[in-house]
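Below you'll find a set of structures to go through.
Shared chain: subunit A. Partners: subunit B in the first complex, subunit C in the second.
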Partner chain A sequence: MYYIEKAKLSELFSKIAENRSLYLPVKKNGQTNFAHWEEGTEYCDDLKTVKSAKDHFFPQTESLMHFKTEGKKIQINQDKIPDEKTVLFGVRGCDAKSFKILDSVFMSEPQDAFYTARRENSVVITTACSSPDEACFCGVFGVDPADPKADSDVVTWFAGDKLYWEAVSEKGEALTEEIKDVLSSSDEKEVEEEKARISEITKLLPLNNMSLSAFGGDKTDALFNAPQWDKLSEACLGCGSCTFVCPTCQCYDVRDYNGANGIQRYRCWDSCMFSDFTMMAHGTNRPTQKQRFRQRFMHKLVYFPANNNGEFSCVGCGRCVARCPISMNIAKVIKSFGGDK
Partner chain B sequence: MCSCNHDHEKDHVCSCGTDKLVPIPAVVTEIRTETPDVKTFRVVGLDGSNCFDHKPGQCAMLTIPGVGEAMFSITSSPTETGYKDFSIKRCGHLTDWLHSMEVGQEIGIRGPYGNPFPVDTEFKGQNLLFIAGGIGLAPLHSVINYVRANRENYGTVDILYGSRSADDLVDYEEIKNVWEKEDGINVYLTIDREQEGWDGHVGFVPSYLKELAFEANKTAIICGPPIMIKFVLQALLEMGFEKTQVYTTLELKMKCGIGKCGRCNVGSKYVCKDGPVFRLDELDELPDEY
Partner chain C sequence: MQKTAGLIKKRALELLADGTVTKVLGWEEGDFIYDVTPAFFDKETIDSLVFSSFCGSNLSKYLIKACKEQTEGKILVFLKPCDTFSFNQLLTEHRIDREKVYVVGVECKGMLDIEKIKALGINGVTKVIDNGESLNIKTIYGEKTCERSEVLLEKCTTCKSKELVVFDEVLGEKAENENSQDRFAQVAALEAMTTEERYAFWQGELSKCIRCNACRNVCPACSCMKCVFDNIQSGVASKSNADTFEEKMFHIIRAFHVAGRCTDCGECSRVCPQGIPLHLLNRKFIKDINELYGDYQAGEEAGSRAPLVNFTFDDAEPSVIHERGNS
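Let's look at the complex of A and B:
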């Protein structure tokens, strides 16, 4: 275990940024999101960024290829696969786990070349959550906000006037070796106290003890026609806010843009909550908001586990709890199927 | 060929860095007008190849740069080498554009996608009953011609095909001049309403199916509009067919073709990779949303 004085954080960032691009939470115009670090950029220790960290590997929009046309001839040129070596600092345990969930989509055969390259070129540094809030329920999905080492390369803790640093993967050890000059060795005493303090807080979180026993890969028949969906979906506006802040939502659209510099084919986030998501020339297979609402939650809590050894596609970050304009969210869905018992 | 669309061995683990969403260029060498709103496009790789190998029932993504990309079933059989045919109905933005193309137009193509009909396994040695409605003949056309080319592997072949009118029968020339004339293939055509010059059967496909009263010693392969499929399935079950004897192919919105974009997800299946071909007992396990 190592540490660096909080007052010297910029030295740490500066050192990391010598050989790699560093991204970390930065507050801008009142909103905290992951941003590129440059000399002078200030790290923001807010509990959650507005958008999740998935943006880093699966950007909201990204160009895939360009076309050139001349008469009846066409040319297809794939855009460059990203090769930037990056470090993500300040990732919370929930977002780190979401990367594993996204991996099982984008890095299963056939792999997505853009996503895979970004993942392989990155080092993920998580930061323990010093103050989890009432919207957090990552414990339900097996995330430990006090010690999020499961899905990290390096875990860090803010405690007292220090940032503690522990490499937990080969990638993390390699990075630690590179920047060791700015770190000092430490015992684990203050970190152990901090972990215990965080664990006490998580016991008090109102949503952190929900049960998922009603859900899982074999629950399609039991849940699909359940009467609960009518009431749960009734007020849903289909705005897609939950999808856009969700660290695990991975549905995307592919579109062509015919601009001054030729034709670009790009990918962008999409939402199964939108009415045109499954629209074809002859109609849609999910014409009602209830069907679309049900699809989103059945996918996270039943269909995804069915295909991924029981792993749920939610990490309990609580962003949807905070963002939904009608206060509907996955916690309410889980509770309405007996999850509060 | 590996899934990157480059000319690698089938099981080659690809490191060429090409993303699976990137199509290869190909050229339209022939356009056949089938009906007032269906044309068949012959697509050949720029090097004169068939672009990639496929099996009957598989699909491909076709790209018109600046217009978009959509999934179509491959109409030609793998036994017809050197090209791929696509019978496509004009019904939306991209298909409008396809219908206004001229021979020589280059397009993008990627594939093959999805599971094929089990022509070399479950279908082998079976009597086959094909039931199609309208443009639903397109995916079955590939199976039918594959079966014709490997006739010794299959039992009796019956083809029941219907459309709105005589003018809407796709592949009419081939049906009349090739399929009907072949020994051991029975073709039954029907149209929805009486029409001048038509002396064949008149009536909907499901009711004609009941009239024909086939024995249930066949494997049924179905494709057509949802309403036709619904009543054909009912009729087959009434006629004594087991669910394990009935196959169909689904159509849902698709963007990636590789089980990632999320659109064609029904239950725990993705129609683009777990389908589009399903056996009726497998379909029964899916939520009713397709």
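Let's look at the complex of A and C:
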């Protein structure tokens, strides 16, 4: 275990940035999101970024290739596979777990070259949540906000006037070796106290004890035609707020942009809440908002576990709880199927 | 507030019982006091109807679909003063049917913003008790207090009116519009900027946009069956902002499209997950319309002819663009 004085955080960031690009939560125009660190950038310790950390591996818009046509000839230029060595600092345990979920989508065959390259070139530094909020329910999905080592390379804790640092993977060890000059050795006393303090808080979180017994890969028949969906989806605006702030939503659209200098093929996030999602020649496959709404939650709580060894594709970050314009969210869905018992 | 909540539930029950209405459009209780959801209720479900200082959402737009589906009887809707302007505007645009709706106007002294409460460092909120002037807030980290006026929804800080412009009956006590700031002060501040400063302001704000479409979908003036931005055949359909031009184009086109019809209900800014002050775009149009055509408030009167769709010999000439454009 190592530590650095909080007051010297910028030295730590400078050191990391010597050999790698560093990304961390930064407040800009009132909102906190992950951003590139440069000398002078201030780290923001807000509990949650508005958008999750998934953008780092799966950006909202990404160019895949360019075409140029000349008469009957077509020239295809594939975009370069990203090779930037990166470090993500200040990732919360919930977001770290979301990377595992995204991995099973993008890194299983056929592997997504762009995602995989970014993932392999990055080191994930998680930060324990010193003050979880009422919308947090990561415990339901097995995340430990006090010690989020499960899916990270380095775990850090803010305690007292120090930032504690512990490498928990080979990548993490290698990074620690690189930057050791700015760190000092420490015992684990203050971190153990902090972990115990956070664990006590998590017991008070009102949504953290929901039961998922109604959900799972074998529940399609039981849930698909359940009457609850009518009420739950009634006020849904069909916007993509929940989808776009969600760390595990991974659907995208591939489109061509026909510009003056040829055609660009890009992909961008899509949302199953949108009316033109997976639009086909015969029309959209889910004509009502109820169907679209049901799809989103069935995917996270039934279809995804069916195809991924029982793993749910929600991490309980609570962003949808905070951001939905009509305050409908996955916690209310879970509860309406008996999850509060 | 609690008194009004009691009145609302009582009245909903009475109007359902005597057959005046067949369903009720209101707000449903959530897990915390601030996470209420718009919902339709009947006799069986009316128990979960609530009213609190967090009922900022404007229910008028839900009536477009509900009126189409309503074959018999009326729908009771609870509307705050600002919401009644949207209701009137929808009547003007023939999007809803007055005969199918029973409007209960609810007096309002300004609704609260949980985000502003959290911005004060009050985290882990499980309950908020509104004492009228101050708030008692229960959190998992202990009890906190703050002033009501500090945490009003943005739209309520510049409340345009405490008048209910359409109703069948009214509940609650009429509030004074005492805290309201000048509605056009922020627009005037933007106008006073240099072109470069103004560009930088909007660039900073609009570059946060994630194209979730919440602003559009919540907007009572955005009631097209198929939005041009969702229509693949339009040539401008887009699901993301590919560049800085697109992020501005979407919002500016939307502001143009609702110009003269926007009642300034403020829902666009309330729902924006990135906190973009979208209402300022719309408000600029309102201010311009007021200055060029004389004061006009969309939704103040059902059936009114908006300046942009009306012709008079006193109308501003197109040359006004050149005269004003160089400022």
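The rule is simple: the second predicted complex is superposed on the first by the 341 of 341 C-alpha atoms of A that agree within 3 Å, B and C clash if a C-alpha of one lies under 4 Å from a C-alpha of the other, contacts with A are read in each partner's own complex, and residues count from 1 in each chain.
In this text, contacts are C-beta pairs under 8 Å (C-beta built on N, C-alpha and C of every residue); 3 or more make two chains touch, one makes a residue touch a chain.
Just so we're clear, the structure is a prediction, and the values are computed from it rather than from any experiment.
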| item | value |
| --- | --- |
| Clash or fit, subunit B versus subunit C on superposed subunit A | fit |
| Which superposed partner A:Thr288 touches (first subunit B, second subunit C, both, neither) | neither |
| Partner chain(s) touched by A:Ser184 [first = subunit B, second = subunit C, both, neither] | neither |
| Touched partner set for A:Ser213, first subunit B, second subunit C, both or neither | neither |
| Three-chain overlay, vertex subunit A: subunit B-subunit C angle, C-alpha, nearest 10 degrees | 90 |
| Partner chain in contact with A:Asp270 - subunit B first, subunit C second, else both or neither | both |
| Touched partner set for A:Ser241, first subunit B, second subunit C, both or neither | second |
| Contacts of A:His299 with subunit B and subunit C, given as first, second, both or neither | first |
| Partner chain in contact with A:Asp112 - subunit B first, subunit C second, else both or neither | first |
| First, second, both or neither for A:Asp253, with subunit B first and subunit C second | both |
| Touched partner set for A:Asn19, first subunit B, second subunit C, both or neither | neither |
| Minimum distance between Cα atoms of subunit B and subunit C in the superposition (Å) | 8 |
| Shared contact residues on subunit A - subunit B and subunit C | 253, 255, 270, 279 |
| Subunit B residues within the subunit A interface of the complex | 3-4, 17-25, 63, 65-69, 91-92, 95, 102, 104-108, 251-253, 255-256, 258, 260-263, 265-268, 287, 289-290 |
| Footprint of subunit A on subunit C - complex, ascending | 30-32, 34-40, 57, 62, 118, 123-126, 139-141, 204-205, 208, 210-214, 216-218, 226, 230-232, 237, 239-242, 267, 270-271, 273-275 |
| Of subunit A, residues touching subunit B in the complex | 64-65, 67, 69, 72-76, 78, 81, 105-106, 109-114, 217, 220, 224, 250-256, 258, 263, 265, 267, 270, 272, 277-282, 284-286, 291, 295, 298-299, 302-303, 306-307 |
| Residues of subunit A that touch subunit C when the two form their complex | 28-31, 33, 47, 50-51, 60-61, 131-134, 201, 204-207, 231, 234-235, 237-241, 243-245, 253, 255, 257, 266, 268-271, 274-276, 279, 321, 323, 325-329, 331-332, 335 |
